[in-house]
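Next up: the structures, one after another.
Below are two complexes that have chain A in common, paired first with chain B and then with chain C.
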Partner chain A sequence: MSGLLPEDVSLAVPDIALGLALLTAAGCALIPRSRLALAAGFLSLGALTALVWLRLDSVDVGLAEAGLGGGILGALLVWLAIRSPHSPAPDSAETISTTQPTSGTRRTSRPILNPRTLLGCAAGAVLGGGLCLVWFQVLHALPAWSEPLEEQMETTGVTHEITGVLLAFRAYDTLLESAVLMLAGVAVMALGRDGGLHQLSLPQPEVPSALRWLVRLCAPVLLLAGLWLLFAGSSDSGGAFQSGAVLCSLLILLRTAHALPSRERTEPWIRPLLIGGVVVFILAGLVGPLLADPLLSEAWLSWQPQWATAAVLSVEILLTIGIAVGLFLMYLTLENPEGVQ
Partner chain B sequence: MEVFAGEGAALWYLLLGSLVAVAGTVRLLLARDLLARLVAMNVVGIGSLLVLLSLGARAESAAPDPVLSALVITGLVITVAFTGLGAVLIRRIEGIHDAEHAPDQAADGDQISSGQNSSEQDSSSTEGGRDS
Partner chain C sequence: MTTAEFSLAGIVLLPLLASAVAVLLGSRVRAVLGILTALLICGLCTAVLIQTAAGGITELALGGYEAPLGIRLRADGLSALFLCLSAVVGTVVSAHAAILPASAGHPGFWPLWLGCWSGLNAVFVSGDLFNTYVGLELVGLTAVALVALGGRDSWMPALRYLFVAVLGSLLFLVGVGLILAAAGTLDMEQAAQQLAETPEAHAAAVFALCLMSVGLVLKLALMPMHRWLIPAHAGAPGAVSPLLSALVIKAALFVILRLWLWVMPLDATTEAETGLAEGLSTALTALAWTLGGFGALAVILGSVMALRQDRLKPLVAYSTVAQVGYWFLFLPLLLDPEAGALEGQPGTTLAEDAVLSGALSGSVALALGHGVAKAGLFLAAGLLKELWGTDEIESLRGAGRRHPLLILSMGLCAVGLIGLPISLGFTGKWHLATSAVAAEHWWIIAVLVLGTLLSAGYLLRGIAPLLLQDAKDPQDQEHDAAQDADASAESPRRQRLAEVPAFVLGLLTVLTGFLAVGIDALMGVGAPW
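Presenting the complex of A and B:
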């Protein structure tokens, strides 16, 4: 690796350390057999990846990774690992011996060395080595879209470029992405008992009082952080997805500490809030062509500069709520105590 | 050497991303455990996003490429969506194995399970929710 390094090695030391830690964490997320170890490895991988994004100066992506990739995903996977009815070892000796009775006698004691694994690792090594060689050979051309992007930023109504790209230039893409998250929430509700809301009426296990106090202390801070991420997104790092992840973690904490309102009071709101963001997004996209001068051909999902800020902000607020509710529904359905519909 | 030094960090993460993605793919194809597969899919996602963003970080300017950053955020959201759905599916698959009378419940789960678990309370609260 010394060939990659700049002459001033001291500048490269953090990168090397972070990279090696990333590889170790990836190993921890891939190799262990216990499910809890896998989930914990993935949690650390998410945290380290957030640091890598910060190292690459992408604060937005770092926040999204810390909130969504590290936080919510880690919570879902750790929960799933803990609540697994039995923890079958992946590639355990029994599984392999039943499916591959002809392989060598060594497998029962060291099943990691069976031919299938060896072949897979060899193919992966060849593929990885080839890919790395390719990166050295290719011509490193930079993307050519930076200048047109800067010229067009004034028409978006926001000053932060990433939010502008997400909600103005690639609005169609963001709409579909929010729809994917909403549909995942809907699918999860369909898989859960009683429309996915059965868990809301179940009694929660008792938690230590220290946790309750912690939640009371953290909840206002989390709410403030979520709102700040949402409103700062128009001019600085942040945005609907990061904010939604923080608000979802707030909901999870409140639920753990028995602080959520009763099911009777929350249930009427959950479905409208889940789909509200996407519906308003579509309606706001339709307003542009409907109100536009008929002589000007106005594409849908494009907004006049004078009210682009209002449109983008209101869409973003509702999207954030929808994202938070959708993520919370995934967590809620996982809580199903029997795991059976 | 100047240009090479500027690109060094991006190239390092580019290589790391490729290796992580390949390792995740290998694990995804070899694992039998469902949770291990789900985690491996996420590792592949992290590796490919790392490749994507370090491709955008090769420029001399400190600011990250907004187009690629937005694409990476999109990728993260999609990852969370499929992982959440996959986690619930895994929970349901294994839950059915775990139950005492698995075949019946798998066939018509709705009626049986809601009948077992305080159907009165469930139905009344559902109606109340739909009215308001």
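Presenting the complex of A and C:
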């Protein structure tokens, strides 16, 4: 337990303040009744979480948290909060279906200390307490992959270790995760009206011209930032997921400023771009076993050193586009939930 | 690299490729692609099965990077059995969806189902804890989307299912993190070795096991956590419910078996004598008894709830809740020191580890038998609902006159679910019962007998009215009219053809009983003893 606090307690003050701020933000994201306040709480929670990751020297996780958790999800929540600021009662669906089929069942007061809340808090406390107890008992075993990681980095065609893990050593996990995102996009398209693209043909609300100008000014910067995150990923922090999130926010901004091409021109591209990354990833993985020298044991998803960089880079570019399109599709459908089927 | 090694990754990645390509195709071509993929999966699965039946464990280090740095795929007897289940059930249900597109709900069924299939296979061949989590996520997300294809009414159950699935995944992920902190590796085999060697890490391992068990049991709908399953499985489209009941919940069961029997250092924890270890051993035993008790509760209460249903699909869904209970009854046997001690004593004819292996292969046989039988029953119930526009048992009275083949297949599936000889369900219950007797756990016998009687009751109550002939009443003629209206929409030949997949599953329910010996032998490949 002595290793918990550093010798000089004053060094720990910023960390403790950050932790307390995190808890406060989490409270703000859960307790208030107005959706706008909840969304604001969530946004600050996202920003603080990103800071915590930076403080823990996990720049990649911090960027991903800021881009996906704070950025895209925050944008969605704010949009929903603006559209319908009052949150329905927590069990409104059940209430409506069982007792009164009117919309007037919205509860005016929500008791803070109902049994469910208490049960949830108790479960959380047990979980947190148990985790803390166990955590201090564990003889923290250093990850067993540190040594092989350094030895094998040269074969991957990239120099940043996290990108190496994501696209070479554990490429299989990355592939399945991108498939999860792709299928989320497919699900949204299957459930939304008109293949999920209905929103594209609806007129957008008018926005002040200042905002349009601002978006047009910001768009190139965002594009550059997205591309930088993508290409810097091979030698520094960043990568497909973070870059995809930034590019998706670019698409959202362009949409609000009426700067996106018409539906007729965008529609044919959406599906191919959504699946391109996953398809090319699997096909590149197939090259190893298909062209294998029968004497060598070439496995699935193995990159030959001579074309490793090219393969990793093209897969990453296509994955980025797929992620951006998938996220944008989800935003489109959720933008107007009543408009879906 | 051998064919089996190629198949091991191919069985995951090729369906995923097909799923992605299907997004670009029209709905008819999607069905063709789906059938081709199903046949491909059967072929790949056979390659893995042949290697496993020959007594070899198939292993493949992806990208050529060995664990702990890379990810290792691994197929032993347990994996091969569940792969076969997913291949057989998946192919038959895909055929049904291709014959009767209306039963799939939406053309979006194909990419989502192929993605789900890929995730199921990924879970079954994974040798890595984090990869198992990713596989479970793939299965969970696609399963939720498939439920939502059932139309506006099934959105609410789908959303609820999503919350439960995500909560379960998070608990599982926290457990994975704890094991990583304690063992320093994500590879299951290496983690098991590391945990067995370091007694200090046992507290973390036991806590992780608790969290992961709770998370997975949420996804599996064990009794007190079962409420989400009924509306989700009953509200899903006709071709989706069989997949959910037969395959999707099996992914969580498979991971539970892997964790309890392969990853956890159960022997080392229960045998240690020191104070702390004794506490851990008590905690572990308590967890096993809790899950076993929930299982018994599920068997009895789930069956009683099934008895009280008036509609066919919710009845079948409650039957799933009841059957889930059987798979947890063996856990207390696992940790009972008496059960092992009995084998060594002179005078008993039990071979080494006979109790444990009997209980385990019995439970696996029950799960596999349930997979085939429940898929058939749900497929038939879904088709009846499709054809008659309702699944109220009362209004389906006399449906057997019109669809004799369909009701016959329901009867065959019921044989498997009740556990009558010669079905796999019977073999499973027999193995479980003999192990329970050998270990003197009489309560298991009581639960098995009661569960069997109740399941016979609810299945009879569900199926018998379909066979009863009423005198021609006006309602019947109304149905004839409705039937004719339906027939004009889908050609009658197609409808007749759509009854065949359910019948195939019914036949398989009974015929797989002959494979019981093979299942025991396969379970021995790469078994934890």
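Simple rule for what comes next: the second predicted complex is superposed on the first by the 299 of 341 C-alpha atoms of A that agree within 3 Å, B and C clash if a C-alpha of one lies under 4 Å from a C-alpha of the other, contacts with A are read in each partner's own complex, and residues count from 1 in each chain.
FYI, a residue touches a chain if its C-beta (ideal position, glycine included) is under 8 Å from a C-beta of that chain, and two chains touch if they have at least 3 such contacts.
Given the structure is predicted, the values throughout are model-derived calculations rather than measurements.
Participant: Who does A:Leu334 touch here: chain B (first), chain C (second), both, or neither?
Facilitator: Only chain B is touched by A:Leu334; chain C is not.
Participant: Once the structures are superposed on A, label A:Pro268 by its partner contacts, choosing first (chain B), second (chain C), both or neither.
Facilitator: In the superposed model, A:Pro268 contacts chain B only, not chain C.
Participant: State whether A:Gln137 touches chain B only (first), chain C only (second), both chains, or neither.
Facilitator: In the superposition, A:Gln137 contacts chain C only.
Participant: According to the stated criteria, A:Ile282 is in contact with first (chain B), second (chain C), both, or neither; which is it?
Facilitator: second
Participant: Would you mind checking which one, chain B or chain C, touches more residues on chain A?
Facilitator: Residues of chain A touched, chain B against chain C: more for B.
Participant: I'd like to know which partner A:Leu68 touches here: chain B for first, chain C for second, both or neither.
Facilitator: First partner only.
Participant: In the superposed arrangement, which partner chain does A:Ala37 touch: chain B (first), chain C (second), both, or neither?
Facilitator: Neither partner.
Participant: For A:Ala171, select first, second, both or neither according to whether it touches chain B, chain C, the two together, or no partner.
Facilitator: A:Ala171 contacts chain C only, not chain B.
Participant: Would you sort A:Gly192 into first (chain B), second (chain C), both or neither based on which partner it touches?
Facilitator: In the superposition, A:Gly192 contacts chain B only.
Participant: Go through the superposed model and pick first if A:Ala232 touches only chain B, second if only chain C, both, or neither.
Facilitator: neither
Participant: Give me the intersection of chain A's contacts with chain B and its contacts with chain C, in residue numbers.
Facilitator: 127, 131, 135, 140, 142-143, 145, 149, 169-170, 173, 177, 180, 183-184, 187, 191, 341
Participant: Touching chain A in the complex: which residues of chain C?
Facilitator: 1, 5-6, 9-10, 13-14, 16-17, 19-21, 23-24, 60-66, 68-71, 106-109, 111-112, 115, 118-119, 122, 130-131, 134-135, 137-138, 141-142, 144-145, 148-149, 152, 155-156, 174, 178, 180-185, 190, 194, 198, 200-201, 203-204, 207, 211
Participant: Under the definition above, what is the set of chain B residues touching chain A in their complex?
Facilitator: Going by the criterion above, the answer is residues 1, 4-5, 7-16, 18-20, 22-27, 29-33, 35-36, 38-40, 42-43, 46-47, 49-50, 53-54, 56-59, 62-70, 72-74, 76-85, 87-92, 94-99, 105, 109-110, 113-114, 117, 121-122, 125-126, 128-130, 132.
Participant: What residues of chain A sit close enough to touch chain C in their complex?
Facilitator: Where chain A meets chain C, its residues are 93, 127, 130-131, 134-135, 137-145, 148-149, 152, 168-173, 175-177, 179-180, 182-184, 186-187, 189-191, 271-272, 274-275, 278-279, 282-283, 285-286, 288-289, 292, 297-303, 341.
Participant: Can you check the complex and tell me which residues of chain A touch chain B?
Facilitator: Touching chain B: residues 1, 4-8, 12, 15-16, 19, 22-23, 26-27, 29-31, 33, 35, 38-39, 41-42, 45-46, 49, 52-53, 55-58, 60-61, 64-65, 68-69, 72-73, 76-77, 79-81, 83-86, 88-91, 95, 116-117, 120-121, 123-124, 127-128, 131-132, 135, 140, 142-143, 145-146, 149, 161-162, 164-166, 169-170, 173-174, 177-178, 180-181, 183-184, 187-188, 191-195, 197-198, 201, 239, 241, 263-264, 267-268, 323, 327, 330, 333-334, 336, 338-341 of chain A.
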